[in-house]
Amino acid sequence: MRALGDIWRVLLGVGVFVGALLVWEIWAGAEESFLVPEASEVLTRAWESWPTSEFLTAVAGSLKRLAAGFVIGAAIGITLGLVMGTSRATRQALDPLVELARATPPIAIVPALVLTLGFGDSMRIALIAFGVCFPVLVNTLEGVRAVSPEARDTASMLHVGRVERVFRIYLPAALPSIFAGLRIALSIGLVMVVISEFAGEGGGLGHYILDQQGQFAYPEMYAGILFLGLLGYGLNVLFRLFERRVLAWHYGATGERNG
Amino acid sequence: MSETADHAQAVDSSAGTAEPVLRVSALGKRYSPQGHAALAGVTFDVEDGELLALVGPSGCGKTTLLRLLCGLMLPSEGTVLLHGRPVVRPPREAALVFQDYSRSLFPWLTVLRNVMFPLRRGHSRAWKIDRAEAVLKEMGLHGVARKYPWELSGGMQQRVAIARALVSRPEILLLDEPFASVDALTRAELQDVLLRVHRDVEGRRVTIVHVTHDIDEAVYLADRVLVLSPSPGRVAGSVEVGLPRPRTQTATRSSTHFLEVRNAIHDVISTRRSTIAGTSDKE
Amino acid sequence: MHARRLFQRVNVTGWLFVGLVVLLAELAIQVFELTDSVSPPSETLPALGEGIASGELSGALRITLGTYAGGLVLAIVVGVPVGVLIGSSRLLLDATFVVLEFLRPIPAVALIPLAFLFFGTGSEMRRYIVAYAAVWPILVNTLYGVRGSDRILHEVALASGVSRFGRLVRVTLPAALPSIATGIRVSASIGLLVAVTAEFFFGSGGIGAYMQRQQLAFKLPEMYAAVLLTALLGYTVNVVVRLAERRVIRWTGEERVNWP
């Protein structure tokens, strides 16, 4: 196959994308179903509704809860991962419990959370934290287990104490793996945000989408979904930039992008 | 010679006594109760300031022996005595250099911080930096302090690993096939670096136990070569090298005596091999 | 032979610990009088038994499995061929790149209200949502599996005069199989999550809907029994998929696979 120059490749991708939009436009126009508004209508409504305080408050609320849940979930995941990674006894004891909890579709704990924490922010943040902590835990655990025997022996030879070992050797060594887990957790966290907002009261982007659907405001609903996708993409990009800075030593060492 | 687990105080051997630094007696290691023995009945001494090479084919337990010497593993039988005291955990006087430098150096630390790592307690930061930089300079590494290990060539990384081992002034340096992962030219360089380290670089003598599968390297470096035979690992023979120091890659390696020693070692190995290949009840 | 291997792998300590946690939970709930919001194991477990025996829970489970499997199969049937197609052609990859990157970040659950508009609350809606959620890991992993397959294998096939299609089927596909298997594993858990979520908010059948009903009726033991069953379902799916993946990987002899 003939290889295209870089610029042409990007143009091709964008062109196909625009083409898809045009197809949508034409088909939706022909269909005239109010369930499928035309691309142009969605974009117009997006332009109108996104800068409104109603929309932005919703987005801010979602981001705030995502941040809180992410931090809590990540902290729990990293801590447990470090403990389980360094202590065989703990790992054996907690393993089935963790596997069970991890495999549970988070929606299943929503009723329990609602009954114990109500419908408000704490329930939502708890749900987000629940979704976030497991990928982080698993990746932290794997990162710690993968520390080379040479590094472990060096630690023994240098009489690095158990606790000191965790922070000075295992944690930095596992950091690339932890970040991979954090990246996955970010996407999952966003999904949890949406689910938690379907369930509870108190605004947010997911709630907004549901609202618009309930009010038959379909272009606004599509616009909301569109924003959600862009938000997810943007967060991912930002996180990767952050990761690049923190793990500069790792990228150099492995010579390639990780993940 | 009877070995008693004695409670003698640690005597500073660098005062030049005849007492061997390391005494290994009837050392044996079995990884599982019914499994075959990796080592059996290994007995030898290491004199103060000696450079002892351990050679043997793969599977003869060289690495196991080294790990027992530095306390990373406990023996199934026998004892390792350091200054008369049994080794039950890594002694502070010993330092270890691994074959795989990329996995023993910490990739998230700069070269300088890697070398500083063993100096964790009791000194000011400035002192630690000075000390680390001094060792790096002795290793012939200039201007790499702020770089990360992966930015350096394999040979330089191994020098960093050796620097890290030397920074806390160990009495005993143990090396596990340290030059096996570099190319031949770099290997020659590093061999000479090791000779310099041994030859009293800091005003004191370092005892070195060097594990290698390369017989020529063993003869070039060592005062004495211990030959191990496999399955289970045993001392097949001990050959005094007796070559004059300082040694050079060109003159020393082409001397007649070098060849004689080398051949002697090969003989020990092949004798052992044919003994094993022959009747098994002789073992 | 299978049973023996299974027994060796069972983590006795861990499951004992689980038992301990259950006991502690029972104690804590009774002592602190939390029975208003949490149903103690002594009530939940019998409710679980009853629900299965009476067929209510097992019926709901069957429905969930139906939509879940249906959606997953759909995702595989669409995702693998498309992934192979795009992965084997640089041109197609460049062309579809922007569209795919645009669609991928949209969480499938956010599309549930949309799907509801088109398909109502039936199992069809849930199947499509599951398929949409599950197709992305499969597609992306297939794509990377195809692209990443060993150049040397390709060249050997070319040299031996195999047709383009033959090459695809006999070299590319098997080489990509480990990646595809990984993609299916990831999809399996995402798919289950989405299936139960869709049932919970918009469904009429399945475990998710059952859970929601019990919650509204405030019948806590039944609700928690459903939660437990869902957890066990997820766990079983996980175990099964992992075993299958390990089989596939061992079969293709591929050892340098990443376990994300």
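Some observations on this one:
Order as written gives the chain letters A, B and C; numbering starts at 1 within each chain.
By definition in this document, a contact is a pair of C-beta atoms (placed from the backbone, for glycine too) under 8 Å apart; a residue touches a chain by one contact, two chains touch by 3 or more.
These numbers come from a predicted model, not from an experiment.
Listing every chain that touches chain A and chain B alike gives an empty result. Just count the C-beta contacts per chain pair and the biggest one is A-C. The chain with its C-alpha centre at the largest distance from the centre of chain B is C.
Averaging C-alpha coordinates per chain places the centre of chain A 49 Å away from that of chain B. Chain B and chain C have Cα centroids separated by 53 Å.
Chain C has its Cα centroid 18 Å from the Cα centroid of chain A. Residues of chain A in contact with two or more other chains: none. Residues of chain A touching chain B in their complex: 148-151, 153-154, 156-160, 169, 172-173, 175, 249-250, 252-253. Of all the residues in chain B, the ones that touch chain A in their complex are 67, 70, 72, 90, 92, 94-96, 98, 100, 103-104, 106-108, 117-118, 120, 148-151.
Residues 1-4, 9-10, 12-17, 20, 35, 89, 92-97, 99-112, 114-116, 142, 180, 184, 187, 190-191, 194-195, 198-199, 206, 209-210, 213, 218, 221-222, 225-226, 228-230, 232-233, 236 of chain A are the ones touching chain C in the complex. Residues 11, 13-15, 17-18, 21, 34, 36-38, 89-91, 94-99, 101-103, 105-114, 116-118, 189, 192-193, 195-197, 200-201, 208, 211-212, 214-215, 220, 223-224, 226-227, 230-232, 234-235, 237-238, 259-260 of chain C are the ones that touch chain A when the two sit in their complex.
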